[in-house]
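There are two complexes below, and they share chain A, which is joined by chain B in the first and by chain C in the second.
And now, the complex of A and B:
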């Protein structure tokens, strides 16, 4: 029986799962679309892992990503950690000398600064999500180019068209305008990649010192056009790690391993998870004018989690 | 006469007492809620800062509750706050015509004590001076309570929160100076049993725009959330300090400006120079991290941000900058706070 640790990263666009062994080697990783149904995505992910690896004993589970809380409640996670920490933990394992992590996901982007493998500072996009994965995907669909090939188009161009990167809607009208002028798709895509990098450097990384080694992680790192644009703007090499897509999940698995080694037991539900019916319900609390939206999670019609209220009177009575 | 003024966190209690001392009734409307903010945003120019929207919304709710006299602080030199009252007066005139709106300048103490306040409330200047003197001591008591609850939350969050309502009752029930002194001792007794030091507690310095720092509704209860994570918040901004600054009896003020000098040589308006000075003070005396909160589109704090970024780099102190407007989601804010605290914990390991 192979002992393994599971890391699950449920993001806005995709759900990632990773199995690591005792020596922190990745046994298996999977990536699937969340499609707005995180519970189903998590179940599917776990089912896939069990079907293909019958000889595995899960010793611990960690969850991360924007649905980390929900995922944690459902699978019985030992650690529930946010994306910043998991990305930093995974990055410093593979590249101990890394100083900067650029992470661009489906709907958020962040910069993490490391020193001696420890995160010392970070920033996340606050008021704007321009230049993240969902926008790129939208543009790829609009231009009829598969998202996987989007980056290669940018590399074909020798110069880029100027695209406004601040707001996605204006960026799109700029792209349409440039196309109507007769500029080639390749040049427009390269311009778009430059605009994304410009927006990232001025709104997310503003003022933070970017020092080598620079790692580029998250879904958008698959886009070699954006990677090249970063290299041009920063004038330094940017490394895309082998497991760039699932770095968050890997970090969560590492943290689960650390936790279980200290506490010796796991809360993981196991394959039984697949037969449990999970449901979430929301209601608006009308006890004051805040009208908080309270989210409840049910496990076989039994309530297991409740959150979302400002005053805490609903989440207080969690079983 | 039913008097309303904007909510100001815990300090609302002291301001209420001040108005009552002047012989008027206080009518603030319901506590700040999402409705207050949406009312404020509805009547405000879109890109104005968050404190404007919240204070305007609370005036609208106060008018609904029957207030007839609205008091708003005025005068901020180079910051937008300087024209809050002009705009609010104008907007509120269109909503109701059964009220009087008074802008009270912060920088003209003579007018405050001898002309404006005596005229509005129909009392003698002596009464105003006495009430202000009491306000100063009352807000000092609240400042003291703030320190206690910040530490108590970091040590034992649930017990601290349970004591909050009793503590607020103690603070509310004072009417003269000796009562304030007694209340201070009572608060100390109330929280003393909680202060058992077990481990090293993370200290985070909170700097930024004064309204967002003082009003928990505006900052999404940032202090409570940090307390829940076992962090003690250190923040120097309060009504007490602000009053001392206005009355020119605060000696620490000069120190803050000197501290700021290395990173910000002249005040760009608002409270930016204090933000920078306080943060530098924290850096020099030792702090685990700095959180900077300010309203989205706030000009002075955006300038302060640049200075803070440089300072954080020089002292190798983590800095989290949070700009807040009415669209800010609490979930997003919590993710950032959580990550920030986790980062500090790992750094200290």
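And now, the complex of A and C:
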């Protein structure tokens, strides 16, 4: 039996999972769409990992991403950790000399600054998701180009059209107008990549010192056009790690390993997970004027978690 | 005649003073309840979505008061401490109320322009003919104006939470933020821990700041920074004065290698984004400043 640790990262757009061995080598990773149904995505992911690796024993589980709490409750996670820390943990394992992590995912983008492998500062996009993965995908669909090829189009252009990057709505109308002027699709896409980088540097990085080594992680790092645009803007090499898509999940698995080595046992539900019927229900509490939306998670019609109330009276009587 | 006082904006600074002042003058008052979702939702109906959250909230409180009182007390704070101003929305809220709640209640809106005492004195004379009674009521009520808090207990790591009193003391706005910090093992310190002399100090950069509450925030930042392991600055989305002061504080914190985080708040109802940021911020502080192992799980 191979001993392994599982890391699960449930984001807004995609769900990622990795298995690592005792030596922190990635055994397997998978990536699938959340499609707005995180519970099903998590089950599918676990099923995939189990079916293909029958000979493993899961020693510990960590969850991360915006649905980390739900994922943690369902699988029985040992560690539930926010995505900023997990990304930093994974990055400093593969690149101990890294100083800057650029992470652009489906709905949010972040910058994490590291010093001696320890995160020292970070920032996330605040009120706007312009320039993140879901926007790029929308534009690719609109132009009829598969998202995987989007970046290669940008590299074909020698110069880029000027596209407004501050707002997705403005960017789209800019792209349409430029196309109607006769500017080529390649140049428009390159312009869009530049706009995304400009937007990132002015609204997320906001003058934070970007020092080498710079890593580029998250779904958008698959786009070689955006990577090239970052290199042009920063005038330095930008490295896309081998496991750029699943760095958060890897970090969660590392933290699970650390935790289990200290605490010696795991809360992981195991393959039985696949036969359990999980359900979430929400209700609006009308006991005061706050009308909190309380979310309940049921395991085979038995309640296992409850949260979302401001006063704590529902989450305190958590079974 | 019943006077309504909205539990919003300046209430969190002068509320207790006003309540006691009116009570001593035997005036019937009604204070709106603490902010809740219904109050905020009502407030949103009265005002443009571009305005900051605290102004949306006060509109909700005015809405709550509208069928319950004949008058609403809403002083117009313009200038304080000689040449220092409040923000434009604070000055203009009286006009917003007058236009949006026309016919619902009458406004009692004394103008405060470096005349805090006398403005309240003349106000008092509207309810009694006896100036000595007003003088006495003012004296009694003014004991509730002091707001310096005792220093926080030593030992636990501290977060300097910088924001306007109407953000920090409005439980509806700040509860998630404060609880998340506490769950991470931190004690909160605020500008109320600084004594009045330092809070209004004009030393250094503070003398350039002409907004009264922003100067206080800057002084709190400057004098309390050595006592805190990190700074969290809560800004209402769209706040002009704060966006300027925050950048200056951010740069100074960076120069002194103190972790500094800006949290921008608006009408969000899901706390996930806030919690993620605060948790990550706390762990960064634990990792770099305290050299203690972060709490897993």
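As a convention for this text, the second predicted complex is superposed on the first by the 319 of 319 C-alpha atoms of A that agree within 3 Å, B and C clash if a C-alpha of one lies under 4 Å from a C-alpha of the other, contacts with A are read in each partner's own complex, and residues count from 1 in each chain.
Definition applied: a contact is a pair of C-beta atoms (placed from the backbone, for glycine too) under 8 Å apart; a residue touches a chain by one contact, two chains touch by 3 or more.
None of the values given here were measured: they were computed from a predicted structure.
Colleague: Are chain B and chain C a fit on chain A, or do they clash, once the structures share the same frame?
Modeller: clash
Colleague: With both complexes superposed on chain A, which partner does A:282 reach: first (chain B), second (chain C), both or neither?
Modeller: It touches nothing on chain B or chain C.
Colleague: Using the touch definition from the top, say if A:51 reaches chain B (first), chain C (second), both or neither.
Modeller: Neither: A:51 stays clear of chain B and chain C.
Colleague: Of the partners chain B and chain C, which touch A:180 in the superposed model: first, second, both, neither?
Modeller: A:180 sits against neither chain B nor chain C.
Colleague: Quick one: classify A:290 as touching chain B (first), chain C (second), both or neither.
Modeller: A:290 contacts both chain B and chain C.
Colleague: Looking at A:79, would you say it contacts chain B, chain C, both, or neither? Reply first, second, both or neither.
Modeller: A:79 sits against chain C, while chain B stays out of touch.
Colleague: With the two complexes superposed on chain A, say which partner A:302 touches: chain B (first), chain C (second), both, or neither.
Modeller: Neither partner.
Colleague: In the superposed arrangement, which partner chain does A:258 touch: chain B (first), chain C (second), both, or neither?
Modeller: second
Colleague: Looking at the overlay, does A:122 come into contact with chain B only (first), chain C only (second), both, or neither?
Modeller: After superposition on chain A, A:122 lies in contact with both partners, chain B and chain C.
Colleague: Do chain B and chain C touch any of the same residues on chain A, and if so, which?
Modeller: On chain A, the residues that contact chain B in one structure and chain C in the other are 66, 81-85, 115, 118-122, 124, 126-127, 288-291, 310.
Colleague: Would you tell me which residues of chain B are touching chain A in their complex?
Modeller: Interface residues on chain B, with respect to chain A: 30-31, 33-36, 221, 296, 305-306, 309-310, 312-313, 316, 318-319, 321-323, 325, 327-328, 330, 332, 335-336, 338-340, 342-343, 346-347, 349.
Colleague: Which residues of chain A touch chain C in their complex?
Modeller: Listed in rising order, the residues of chain A that touch chain C are 66, 78-85, 115, 118-122, 124, 126-127, 255, 258-259, 288-293, 310.
Colleague: Where on chain A does chain B make contact in their complex?
Modeller: It is residues 66, 81-85, 88, 115, 118-124, 126-127, 206-209, 288-291, 310 of chain A that touch chain B.
Colleague: Which stretch or stretches of chain C touch chain A in the complex?
Modeller: 33, 36-39, 172, 175-176, 237, 259, 264, 266, 269, 272-273, 276-277, 279-281, 283-284, 287-288, 294, 296-297
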